[in-house]
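Chain IDs A, B and C follow the sequence of writing; residue 1 opens each chain.
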Amino acid sequence: MSNIAGKAYAMNVITPIRWYKVWINRLIFKIALNKPSTLKGLITLSLIHYARWVIIPRNAFPHLDPSQPKENLNYAYMLFFSNFNGSWDQYVDSFTFAIPSGLDLFWKWNVRYPKSVPLTPFHNYIRHNQIDTSHYYSAYPMAASNDVKSAKKLKQALIDFNAASSNKTPDEFLVDYNRLLNHLQHDFGEMRPTPIVSLAAQAVKERFLKSQASH
Amino acid sequence: MATKSGNATALTVLSPIKNGAIGEMSFADITRERCLRLPIHEKSPLARVPNTYLARLFVLDDVFYESLPGSDSVFNFSDITSFFSDAARKAALPKKDHLQSRYLVFSSNFYGDLDDYLAGMWEKWAYDAHGNQRDIRYIWEHCVAFDQVNDCNDFIGYIKKCQLDASLFFNGSTDDSLQEQLKALYLKQEFTKFVVAHQGKSAEEIQQDFKTFIDRVQPENMDGPSWLPGQSMP
Amino acid sequence: MTQNLDLTDIQGNIIKAYGAFNFTKARYLFLRIDNGERGRNFVGAVTTKVTSAVRWDKNSKPSATTNIGFTFSGLQALELPTASLLGFPEAFAMGMKKRKDILGDDGPSDPIHWDKIWQETAHIWLSINGQSTQAVDERYQWILKQIEASDGGVTLLTGHRGESDENDLPYQDASVLYDADGNPTPKEHFGYTDGIGDPVFEGQTNTQARVLGRGKLTRSGQWEPLATGEFLLGHVDEAMEYPQTAPAPKLLAHNGTYMVYRKLHENVGSFNRFLDEQSETYSGSKELLAAKFSGRWRDNGAPVVIAPDDASKAEWDKYYAAADFAGKKRMLIDFSYNNDIDGAKCPISAHIRRINPRGSLEYGVKDAFERPGALVDRRRILRRGLPYGEVKDATRDDGIHGIVFMALNADINRQFEFVQQQWINYANDFKEGNDKEVLLGNHDAENPGKVVFQVAKDSGEPPHFVNNIPRLVETRGGDYFFIPSITALKMIAGGIVDPT
């Protein structure tokens, strides 16, 4: 019943884009996918689990039956879905402070996009076009994207270590064990429930759980 | 055609909801209310759909009118034509758009093949709603033409008709199977406890305890101890 | 680019850390406003002695300073117009008590355990900083006279816990700590040297000399002053706009700021025991371990990233002893973590690295961000305050001793609260999961946590784990205050605030 599931926040943004500019956006996305340096900032921020942009041309809204009226739109639409860690403010701020040109690259062709600096018009643009999530599920509410990535590294290292070293002499074992710990020294963060970034969301969640429990 | 990044798949589904109402509640509002009341975390129906990393549901009522001002530096021809014609100035204002239907939006990030995933949705999606067991039809019930969906194949076909491609799918995490991710998280948690507890101990003791540890956590056994999907407490 | 601040209009405590100017004693008062008009008259009277930020010379330095701030409830009691009140930010309007879940004020830090005075809402904060207890007391007596003259307009709140464990004092005293010879020191009760770093922003005097290590880090490794608007309302901030936390009308907000006031009790006994226990399994000296908790060596504040072991500390001390005044300052503050991304020198969870990571959140990936400090530059706070109480028994926790902590910033939520919640009590930005900072973290007695002290990469050495961390600091009271400019004070006092 909210935009938050543990450490993840679900953001949904829908923005109009002039139909004749759709091709530019698609081209930019293609370039970004193929040039890792464009995404370097996003990757270093490492706040995101998965994110996507979907472009819906004017006539591409799903139409399933003659009884359904056809859409009649002036604009094409861009849908943006993100699964990120931290609060809304932290996320939007990170983008603006850290990778403002990247943001501009993706949203520039949308109608009335204000540029990502200064901050408040950009905040307003996102809020204005944001739709709240009704149900949000994360398979690992206690894990941030950093934790998932770190866990992958740790698992492989542990398996490799076990195979190579668990049957060596104790002294040799210890040398390898210490080496393993050194290799994983940035992967030992604890994972527990999220800090409460929004008092309002927390209050809603508590009431929701109470009402579910009483049935 | 869903979009992939390695083995991670992005599925974006917009299912039109029937216009109309039951009594005084519109089909779209009923649908939204059912979504809002879905149990969360490990009790969510999505926890039972295999390989779901993160997924969401919401109802798209309408598009927004861009009433906020844009930036100050872009040159438009209308800047010139507006001098001469007020109609030109008005015409340059953003247009008002409205959707003719409301849409149930389902966006999922998952591992693997689309057909397998959709079959998983049809077969495994289940939850308890105030004593009633519900399946996936309870959420999609009021979508256009969903009454023609009677079996798994119908469902897969239906969703594919509602599906949209992503122009860019950014994977900031991994593209391992969910089982792998959960197992890895479990191992990270357990191994961290182990290494902290064994600081300063003798080589023999650590080695001995490590073997016991491996027997317990079974790193390569995906069916062994692990985090559960949607697990919200340690 | 450069602007000159109107120092006559800005309250002095924002621009100056009085402790550095030999104001070794402080007293903090909290008042409730019982009548709007007489409350405003009181504010007007006190404003005549409010200290501005004007530079002092030998002759003009006062023996005592006074500054004043208001909670949101206080501004309501002073009958500010609703439209102005609605322009204040959410965190400030709620007050610190209601934000306890954001701040991690749980368990022993929960407001139910705070000093009695905080059971009701304060309206006015008044500070007296003095060069002697006598100077403080003279100013205090003067304030008492104004309170009396307000004829019930304001009431001095009581309920501070004091030195001898009294429960009902009408003020909170604070003081520098003295060494065995009776000289004032910059230390606090755990033995650390405090008050070294303070952000430098545009419009301050002498920024060129002071900006090293204290401003924002540029791509080339130089330092620039931070935008004024990070610390003062009505000035452009780092996001290239005016702080949105400014209420209307402009003159109410201009040159003002927000202050976080927190009374932090220090569990001295637990700290000493913890340090002793942990140093038994630590390969370095006890002082090195204490230095790694903090990021600075206890004795002289040497940065651990520059002096990461006992040997390099000895070297550093030699240079430090030989350096002149300016050189000493530079040695203490002009550094970055660029050569220590892994945390082998200064642990990633060390106190000063957590509260100010400098350029290290870019993780050494060149040009990933606009600036290396892009994620840090808007999370800075001006630190003020002094220790309170004295340690009579260093093996016990229940003595009355700690720090009166104050942070000044343009946006309480974006700056102070963010650092407290995301960087002290949590660590995802540092890729350390939920690990809390050793000294200030709200460690849970039932599920005590740990931090990792990293070591040199590929050295084959294991990192060091600091485990079972007890809660070392507990919140005992506080609130959020608006610190108006002198102009705004006069407007408030005159009842002429009007956003029409």
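One rule holds in what follows: contacts are C-beta pairs under 8 Å (C-beta built on N, C-alpha and C of every residue); 3 or more make two chains touch, one makes a residue touch a chain.
Fair warning: this is a prediction, and the values are worked out from it, not measured in the lab.
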Chain whose mean Cα position lies farthest from chain A: C
Dominant chain pairing [most C-beta pairs in contact]: A-B
Chain A and chain B, separation of their C-alpha mean positions in angstrom: 11
Whole-Å gap between the CA centroids of chain B and chain C: 42
Centre-to-centre distance between chain C and chain A (centres being mean Cα positions), rounded to whole Å: 33
Touching two or more other chains - residues of chain C: 450, 462, 465
Touching two or more other chains - residues of chain A: 43, 46, 147, 150, 177, 181, 188-192
Shared-contact residues (touching 2 or more other chains) in chain B: 195-196
For the chain A and chain C complex, residues of the former touching the latter: 7, 40-41, 43-46, 85-86, 89-90, 93-94, 96-101, 117-120, 144, 146-147, 150, 175, 177-179, 181-182, 185-186, 188-192, 195-197, 199, 202
In the complex, chain B residues that touch chain C: 195-196, 199-200
Chain B partner contacts - residues on chain C that touch it in the complex: 281, 450, 462, 464-465, 467
Contact footprint of chain B on chain A as seen in their complex: 1, 5-6, 8, 10, 12, 14-16, 25-26, 29, 32-33, 39, 42-43, 46-56, 60-65, 67-75, 77, 79, 81, 83, 106, 111-115, 121, 124-125, 128-129, 131-143, 145, 147-152, 154-155, 158-159, 162, 166, 170-171, 173-174, 177, 181, 187-193, 205, 208-209, 212, 215
Chain A-facing residues of chain B, complex: 3, 8, 10, 12, 14-16, 18-19, 32, 35-41, 43-44, 46-47, 52-60, 63-64, 66-71, 94-95, 97, 99-101, 103, 105, 107, 109, 130-131, 143-145, 158, 161-174, 176, 178, 180-185, 187-189, 191-192, 195-196, 202-204, 206-207, 210-211, 214, 219-220, 227, 229-234
